[in-house]
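Structures given as structure tokens follow.
Consider the two complexes below, in which chain A is the common component and chain B and chain C are the respective partners.
So, the complex of A and B:
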């Protein structure tokens, strides 16, 4: 029951910990990974390098976008339990502005190598030309990126401003109200931009194909990736001596519930997409799955429902698993790994499937995948670590923090 | 009146904190056949009562999986063997087409199990309970909190149990007839 809970005092990253070194470590990863990928992108393996790049970009963007969406949902519903980990997600979302810079190679070096509709044409593409045209595509991309940057910077700034509000309860409540109002509008922009981003940047890799649920599919994948990420980061921070008492097994339990729930949601959406296409059997829709049932991709296609759904579903079903840090950490790691494979399966089968040198897509890993993943991951983690060390790791003046500290699952 | 004619003791408390602490004391005294009643869920009361984790999830899991497997078997048997009929040019055994019903049946069997197993485990329906005879107990749905200890409990002793309940801050202790 009620016992007084002290505000946490271990709320800054110790300068000796790995977290404080993230900007440097991430910078090294970014320089090597991105350097290698982009160097190859100017050579004969341009298309392969850019597909790896796009994949890595979407993998990390998913984490940041998942964070942005969750922060706003949290604020809108005035969630109490999560206040203790919300600064971590605000920080993850606040990395979104760097994705503007990271996007540039996709629309410069990789533009034609990635998107066949930029230089090919046929009857179907002509009908879609109003949407898939360079000016409109660029305009939309700019809009998404700016919206995300604006949303995430505002949320992060206001939250940090609240830290400085001291004992002025009125000021704190006023800031929370502003964030609340802002999020209610922001969430609409978020849903539209993140859906259309998935349609523009991934669905149009195979421009004849369309699936109206594709935006939701990416939302499911991104939220799932984010919850796995925040679970692991919270554990890592506690290892480094931050928020040692503030984040309890009760919070992990709830994060575990989200992981479990979104695993089901992902499977539901993925299956909904599949069964409609399978049942209707229309050529321009089935081409997506046909490409993924040949050349080695069939193994990934059959493995995904099992490893991305049944395994984590049965694993996370038990309350006992969600309430043990080690077991939950393993589950989160597994889900993050599946997220990589899921997006790989969405993007990579399109490599070489169009234009000159057209061939049947086949599954072939490349060292460029790892280079791009480490490179963009380095940029993401460096920004994340830099922002995390700049401010307190918890929203100390959030009016809902006491509720979160006392949180318990009944 | 002899002790065997008594069903148990009923104690009344005024607020959630009182019944919470009283439950802790009754639990620590080693009683097992007793219950706490409140007009609304009192958070953490199950812990204060020392209630063991419910076995309900196991029943749901077991029967849910059974219902789920039976449905998949039923679909495969009817569509693939008993009444082979080609629909939409799909193979007779078309797993994707079976999934929605398979999934719904898993949900349905789990939900019904959760609902009915909860009734059975809680001993419902129970049209009469000795506590209904108490006038004071009527306010359990309003603003009072109650603990009742059954006479069948191994540790039950009319005078000692009464003393214990009075000691926990009960504002009223009544004897309940069967």
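So, the complex of A and C:
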């Protein structure tokens, strides 16, 4: 018949590469970044530090959650092309248990500084008490975090277990089938928890405001950020001499298509939310955009459709761009940068908008933003690097791996 | 790979049974998309047979069915005449329920259309090869559904003879449509949709028309298909151009899957009415549209594959895949219902809360529960593989979805309106002659659909051939057992 594809052999991270040093490098970033942010959080800039912290938390959580969702979707739809990069996303998702620990400052030092409904009241908030109350809020947060940890640990463990299955086809098949069944149920929990997480931790920053599409908005943002992340990590791993032949331009092309597609999806959701609120012009809803159209925030609001949609849309439209590593890498970096700005725009205008001495929102960057971003990013990358080095970088026994290795766009 | 192979063998020889046999899902490789020992010629035979029956020998049940459908269609013509003569007063519409079945029927039909575009454009871009067996009649369904939808929306304007004002035609009175109204955007969205879908459908059919032309043994058929085939000769150059055109049309159609129903949702959501104004409407409507469309494809396809003997091409695997899409989109719709309900409670806005509680417990409670049970509850049965691979269950549940999705639009349109802000304006909408109106659109739809089955190739022959093992340059024939090439053959082979 025909020749069979070689299985990749460069499937562990060389100890000399930067990837192997990630736990240490990430640890240093985490110690300095988190140290600085949390030190400030106990001082007079508590609220500012905690807003930076929440932003950084959501930025990295989006990547990990995007990974978790995609691993499950990938398994449910029996995707063939992607087996070669799935371990990377499983590993990114497996960082989720760390986010339990990282969440603690938000509900301790930051709790009152972030969420005005915890200590303020008015007629509207009184009617929201059934949902926005400390015990219920804490219970929900615990539930989300535990669900994510359980889902991601199971998926990661099972996948690693499949690595060890050797040539036992039946065992490999059994594991794949278990993962399929698990993912089908898991995706429901995932969709609900990630939506309500967005409502709880971000929408309730502006507690009068509500929008039914908000969960979908966060889903779009997080999946897009994840695809940018996995594209860049794949490139970085190949630079370090891992999966040199296994990940081909065909896989990058498909990742590029996803970046392109989710760029459109994000814009679609963002536009839907905006036009409906703008058109109906109901005060309960317009307050969200009004806060983002004053005090310097208007420039971010005007820039987002251009820089987060039109620029990457036109750029990634080209097949040539998606099929050149350097160009695609630039696109992915850009999208990741836009993801930072997008969440910044969602979260930061609420800083100082409530409580004593509250003021009109105004755009003011702080070094704390960078500190928090590097700090939480350090924890995330250290965990990611540690997990990545512990096991093979590719699902070697995934029954769909041959299909993925032979993948071609046509 | 043992499991993959095990799936491929042990198929019965009877083509009336073979397509319904449920195979184990292979863990590696893919289930064959065409069952039985078919080659390109036998696929052509299987599909063209339907169209090549001499007119006088058209099976009686088919003639009877077409007559019935066209009788209903004719009744619809009479109903339209009556509507134009008397005016929309023949409906139960009144203050405060100014929109009722006219809009419900429109949204119902235009939603159904979306599955065709999703199957032909988005599944194509996602390389879902199984789409080739179902895309043709899904696309046909799209076009007829959009026509049915247009007949509703064009007739609800009251003075139908003034409908041309919907288009921005320069006129001496300087009268223009209101470009800021989503109703006007609808005019453009639906027309664009109709044109692009028609082009897509037709472009895909050109090679198949040429096949029918070449096989024609009667003059009229030669002429009919000859004209439709646009001089297709099947040369390499033709194919290259065709493939390019097809891909570009797919890329154009893909955003239409989102845009059309998004704008339909804007018709409601840009207002300030609780129950209509909510930001999740655009993606929620799109999911619902795909949901109802796939259900309608099932409703049409399951009998068709049986009566037309196409079970080898439209296998239980295709049915299962579609049921999975129904399960997914049904759950997304359920998510939207839940999110609306939750945010109504979360908002602390008493009008929002009232609307949703009123939907579930008010005078139209029955429509709400029909909607919820048909759209969210019963599709969940598709979690069980036994049910989603059963032809009978699939058919029954697809009918449920059709009913549920009609009621969804009824719930949205009527229940949101019937409780006006002023209690003195509250009313209970009761339809008068509208049942005939809905029935009439079905007459229009089925007449066109049955004619399509009779005269056009119902399966995209050229595309199905492209996903058969024979299309692989390394294919080495069916295996000794006489049933199938190994399902994973295409996987282990690397293209140079």
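FYI, the second predicted complex is superposed on the first by the 407 of 410 C-alpha atoms of A that agree within 3 Å, B and C clash if a C-alpha of one lies under 4 Å from a C-alpha of the other, contacts with A are read in each partner's own complex, and residues count from 1 in each chain.
Just so it is clear, a residue touches a chain if its C-beta (ideal position, glycine included) is under 8 Å from a C-beta of that chain, and two chains touch if they have at least 3 such contacts.
Just so it is clear, the model here is predicted, and its values are computed rather than measured.
On the superposed chain A, the positions of chain B and chain C overlap enough to count as a clash.
Partner contacting the larger number of chain A residues, of chain B and chain C: C. In the superposition on chain A, A:282 contacts chain C only, with no contact to chain B. Contacts of A:211 after superposition: chain C is touched, whereas chain B is not reached. Using the contact criterion defined above for the overlaid structures, shared-chain residue A:299 touches neither chain B nor chain C, since it reaches no partner. By the touch criterion stated above, A:125 is placed in contact with chain C alone, chain B being left untouched.
In the superposition on the C-alpha atoms of chain A, the part of chain A touched by chain B in one complex and by chain C in the other spans residues 1, 275, 279, 281, 408. Residue ranges on chain B touching chain A, taken from their complex, read 17, 20, 41, 43-44, 46, 48, 57, 61, 88-90, 96-97, 99-100. Partner chain A is touched in their complex by these residues of chain C: 1-3, 25, 27-30, 255, 258, 262, 266, 269-272, 277-283, 331, 335-336, 339-340, 343, 345-350, 383, 474, 476, 489, 491-495. Those residues of chain A whose C-beta lies close enough to touch chain C in the complex are 1-5, 78, 80, 124-128, 130-131, 169-170, 172-173, 176-177, 184, 188, 191-192, 195, 199, 208, 210-216, 264, 268-269, 272-273, 275-277, 279-282, 284, 399-400, 402-403, 406, 408. Every residue of chain A that touches chain B in the complex is listed here, in rising order: 1, 271, 274-275, 278-279, 281, 317, 319, 408, 410.
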